[in-house]
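Handing you this structure, nothing more for now.
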Amino acid sequence: MNTFGQLLRVTTFGESHGPAIGCVIDGCPPGIAIAPEDFVRDLERRATGRSRHTSQRHEADEIEILSGVYEGVTTGTPIALLIRNTDARSKDYSAIAQQFRPGHADYSYWQKYGIRDPRGGGRSSARETTMRVAAGVIAKKWLADRHGVRVQGWLAQLGDVTPKGFDAGVIDTNPFFWPDAAQVIELEAFMDALRKSGDSVGAKVIVEATGVPPGWGEPVYGKLSAELGAAMLSINAVKGVEIGDGFDVVAQHGSTHRDLMRPEGFESNHAGGILGGISTGQPVRASIAFKPTSSLRLPAPTLDVQGNEVDIVTTGRHDPCVGIRATPICEAMMALVLMDQALRHRAQCGDVGEVSPRIP
Amino acid sequence: MNTFGQLLRVTTFGESHGPAIGCVIDGCPPGIAIAPEDFVRDLERRATGRSRHTSQRHEADEIEILSGVYEGVTTGTPIALLIRNTDARSKDYSAIAQQFRPGHADYSYWQKYGIRDPRGGGRSSARETTMRVAAGVIAKKWLADRHGVRVQGWLAQLGDVTPKGFDAGVIDTNPFFWPDAAQVIELEAFMDALRKSGDSVGAKVIVEATGVPPGWGEPVYGKLSAELGAAMLSINAVKGVEIGDGFDVVAQHGSTHRDLMRPEGFESNHAGGILGGISTGQPVRASIAFKPTSSLRLPAPTLDVQGNEVDIVTTGRHDPCVGIRATPICEAMMALVLMDQALRHRAQCGDVGEVSPRIP
Amino acid sequence: MNTFGQLLRVTTFGESHGPAIGCVIDGCPPGIAIAPEDFVRDLERRATGRSRHTSQRHEADEIEILSGVYEGVTTGTPIALLIRNTDARSKDYSAIAQQFRPGHADYSYWQKYGIRDPRGGGRSSARETTMRVAAGVIAKKWLADRHGVRVQGWLAQLGDVTPKGFDAGVIDTNPFFWPDAAQVIELEAFMDALRKSGDSVGAKVIVEATGVPPGWGEPVYGKLSAELGAAMLSINAVKGVEIGDGFDVVAQHGSTHRDLMRPEGFESNHAGGILGGISTGQPVRASIAFKPTSSLRLPAPTLDVQGNEVDIVTTGRHDPCVGIRATPICEAMMALVLMDQALRHRAQCGDVGEVSPRIP
Amino acid sequence: MNTFGQLLRVTTFGESHGPAIGCVIDGCPPGIAIAPEDFVRDLERRATGRSRHTSQRHEADEIEILSGVYEGVTTGTPIALLIRNTDARSKDYSAIAQQFRPGHADYSYWQKYGIRDPRGGGRSSARETTMRVAAGVIAKKWLADRHGVRVQGWLAQLGDVTPKGFDAGVIDTNPFFWPDAAQVIELEAFMDALRKSGDSVGAKVIVEATGVPPGWGEPVYGKLSAELGAAMLSINAVKGVEIGDGFDVVAQHGSTHRDLMRPEGFESNHAGGILGGISTGQPVRASIAFKPTSSLRLPAPTLDVQGNEVDIVTTGRHDPCVGIRATPICEAMMALVLMDQALRHRAQCGDVGEVSPRIP
């Protein structure tokens, strides 16, 4: 299942070290101005090799628009985007073609299909997320232009380090998408030590969408929360998703959790902007847990395809913390979910803003 | 979107206080022996009014099989299940028909549709989950008979109380699905005090499936983890989902997290039985966070449909902790996801067990 | 696959002689006034036993609305409709439980599933179409109220008899849905003779929708024409579908076929109101071929489940021409396709009527 | 909706005169040997400019495999195919950018989207069918290798000319896919005269699949007949589809139509290999009606986007009979439908050949 979304359908293809990766975006409304330059910023934010703290693979990531856009405007027909793979060093992986890297999809893919493309993880590589970010650019644009919705993510935890302060303005001024500029030096030292150790750590990303009107999301199985969960858990290395207070609700009392409504607005947002699976008009917030990458320079025992025990060392170029570059990916997935739900809402209930009173 | 699953499609319908609730299960293989008695146990486990710690609404929950079963065996045609609502006290809710209960779906439904059935929460009521449990019974049966898969859930946290020990054998011997019998008295005291206070608490449920063969789950957007996430987050009151170590991975190092493979089997299961979205053959484990119900006897300010501030007190019959009865619901959702993925795997790759060597 | 439609999803269930048949209609907009009485007319038009020219099975066909309607208005949640089977004489079929009726689905179902419900054809019975008609009633109402679309069908051929004249006003005044009242006596004599002979004949139905705005239908695989084709060919006994001139186009010249556009409107409608899979604003017209039923009183050789040759005579109650009662079914399927496409169009392109100039 | 199929999902993209056309094939089983050469034959059969009787546009139609194939074998991940457009003369179309060509999708697209790519018909061009043929090559290969199914189409009528004899062996030896070699000279004269006249004619294609096992196809809405109907009606210029005897059944008697079963096999195949929407094991046969192309050198009045009447003459390069090249397209669509149904059957019922006795 390489298609995401019900009405805004994004189908991605491509392997890490194949000739190209790409996607087809179907169901996009006509009349949206789209140019190759629109993709540059978010692809840059996600790209590897932009700082010493991420994989040193250098991909040009130049988007070619193959269809669906005429004279700079979407026509309503499928939008195909293509990126050629330019810096794919397959030799890095030849050694492990017959081995299962621990913590990777090698074994499960091989058990499922009886065959796998071992070059850079093939289809299971995070390289695929480039196309999520590209598709997300269009969704972000539509959400902002038509509904004034803004989607912003940041790194909320790196290993055991958490932000001391929060300033949305600094998130994109450092390579960590960190909301507290004062901690950046500390983080760089943390990452340098980590890289030297040959080990990796996990991270937590928070994504928030503001300006979402009430009424988006479909009961019962198409809940906005359920689709955000699926969207985030479909990203490589994600092991957990929270909406609003998430697991903190376990120890909460109802008298604390329930967000009271006043004529001037909600008093709190423990729900993360979603009640009964439908948006309330408050900011929609999700937290995502990224596991530490399993591609380490530290040797480890594993098995080969014959079931023999062998020692493995992952060379190749990898991120000591995949979570760092994941922020724009999480933003993209939230934008795609919101736009899809917006279209589904329009189909069944017409455009938003028809019911009142609306709570501020 | 009231349908769940791609190949095993469960469509549910019905409101809390309408004439009936039901579901249609499409895509089910032929030849499965199904009788009304098969549904009794799990419906009992989920049902209200079975102990003083859950809502006192008493529903007979008698399943009628309307189609798809001939002479006690499934025929491959859609299986329709129906339960008449017998104990629906609508008068309990008449008072709040014009008010938005804080923390409930009242406001979001009303903003989406411009109309809502206020009786017992209408469609947003957890009454709907009865049908998930019923459908799950068929999935559990097929998984056990054909693949030897067993799905078991338990309550892993109630408010701030956590299990001291773990004995799978006692889970179904107490009304809390609690794995440590020695703590049951403590839990009863906890719940009695809570009920007296008129407040509510959250809970955490863990569900585990054993015997799942490697290879189930579809990259990239149909990951087993992603669909489990959507399944759990589609359950009422769920605010978070974890696969394997979940949010603990944030502070973990890769050298700790990666589960090493040995000829005799995996050394650990931090991944929760899923790598790259595909099962590894290890137990598949998910944790689910349930918020405290917002239906409290404690009065609170809220708004009516005209936007005026009013005081509200939720009378009616409610659970002080909705998470307690959620265990069989989580089991059902995991069973439905696994059976759906098993069918999808068979479609693309043929029956399981074709690739070797298989790690124990 | 017992669900029809992408956004307006109709899932039907039930066997001919099971306890009940029903459907769940998901994705229906809120705010539509629906009452049980609304279904009476079309269910009557489709029903058996209303004239001596159709099967003598007498079904009350009383619709019970189980969900999705509150105080007489749709709420946007799934609408479940149920009809209990009251006149199911299973004994009629016991004799042929082990035999394959020629021209019926007995053999193909048995080969697919390895099991079948032989009572009245089980799931393959045209009894299922009752629910299509019921769902169609809601679609017709929405199309008429919101868009002024009217869907009308008639019998365009019965065996080798074709209408001499056309008067839409008389279609519903005779049991044949025949547009020329003067031929009704002839048709009754034709059917009486046919019934005496124990044989059956085929029929052709034409359905036309007027008032359809231009722009409905999705390229490339969701063409309005393609979905009408699937809708009609999903009806029991249908062997052919035409849009507009249908098979007459094979011998036509382009200079004849192309419908010229003038400021005052199209000069002709060879296209049947669809170009490139999208409606043009002209009447949408489809012709449907119904085969002669294979349930005859004339004995014939066939096989039993052991592969032995046996003689078979279909007793039971059957239509000498299933096409006669098919007119309201074809109307319903066209209405369901149009409403689904209208919702999909609204999702992607917003409500209709935004582009001009519109050709009359 | 630019995706076709439920389990074997083909998503196509691209405009007639855009940079490229392509498709993504998802859900394809692993282990199928695929090379670029495999596509040559059917792309040649469909291609323009191969004889003077088709459009003189010369496209190299060189397939590039972008993903899903590793070392010459499918891996189970999405297969992306790309063809660059090399001979796109946009200038031919500049004149009619502001006009609606009669009988074309210009007006309906423009009404739907409010914008259109006029170059060569943009997305509505038959250029898209190149990708159907390419995807069909993989389906044909899988069907033949795994199930021994063969799909063969031919031209059954050209204008008012019908085949006098039938010899499957000659179908691919003439540019008309005509089954009677003796008539080829007659057809060439017919086409030469037609081309001189500047007019066009319609055609009828028949496609037949042999070796299809009984049991493929899904009741009720996923009938094999219904999906063949949708598949064929989704092809440009198709106005009608028949299964088996098609519209001839209207005047037939049941005693003639019902195909009798004998231990040695069926006595006839009026049903076209499908009963109750499920294959019977007999050859599956469909007839497809293609309208005469509306791109003529004969001038005609039409409207421009302002609604003014103007005269139009279609220059550019066009087929005097689009049906001629449609034969491989119809084959491809039937192959895609059959493979999709085969996978769906395997999912629900396991592999075929499990039920006996099988009728020869």
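Which chain is which? They are A, B, C and D, in the order written, and residues in each are numbered from 1.
Everything that follows uses one rule, which is that a contact is a pair of C-beta atoms (placed from the backbone, for glycine too) under 8 Å apart; a residue touches a chain by one contact, two chains touch by 3 or more.
Predicted model only: the values in this text are computed from it and were never measured.
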**Report entry** Given chain B and chain C, the chains that contact each of them
**Finding:** A, D
Query raised in the report: If you average the Cα atoms per chain, which one ends up farthest from chain D?
Result: B
Query raised in the report: Measuring from the mean C-alpha position of chain C to the mean C-alpha position of chain D, what distance in angstrom results?
Result: 26
Requested in this report: Indicate the whole-number Å distance between the mean C-alpha point of chain A and the mean C-alpha point of chain D.
Outcome: 39
Query raised in the report: From the C-alpha centre of chain A to that of chain C, how far is it in Å?
Result: 45
Query raised in the report: By residue number and range, which residues of chain B touch two or more other chains?
Result: 1-3, 12, 27, 30, 76-77, 112-114, 123, 219, 344, 349
Query raised in the report: Looking at which chains touch, is this a line, ring, star, complete or other?
Result: complete
Report summary line: Listed in rising order, the residues of chain C that touch chain D in the complex are 1-4, 6, 12, 100, 102-105, 107-114, 123-124, 128, 157, 159-160, 199-204, 213-223, 225-234, 236, 238-247, 249-263, 270-272, 274-281, 289-296, 298, 300-303, 306-309, 323, 344-345, 349, 354-355, 357-359
Query - chain C-touching residues of chain B, taken from the complex the two chains share - result: 1-3, 9, 11-15, 18-22, 24, 26-27, 30-31, 64, 66-68, 70, 73, 75-80, 82, 112-117, 122-123
Query raised in the report: Okay, in this complex, where on chain D does chain B touch?
Result: 7, 27-30, 76-77, 219, 343-344, 346-351
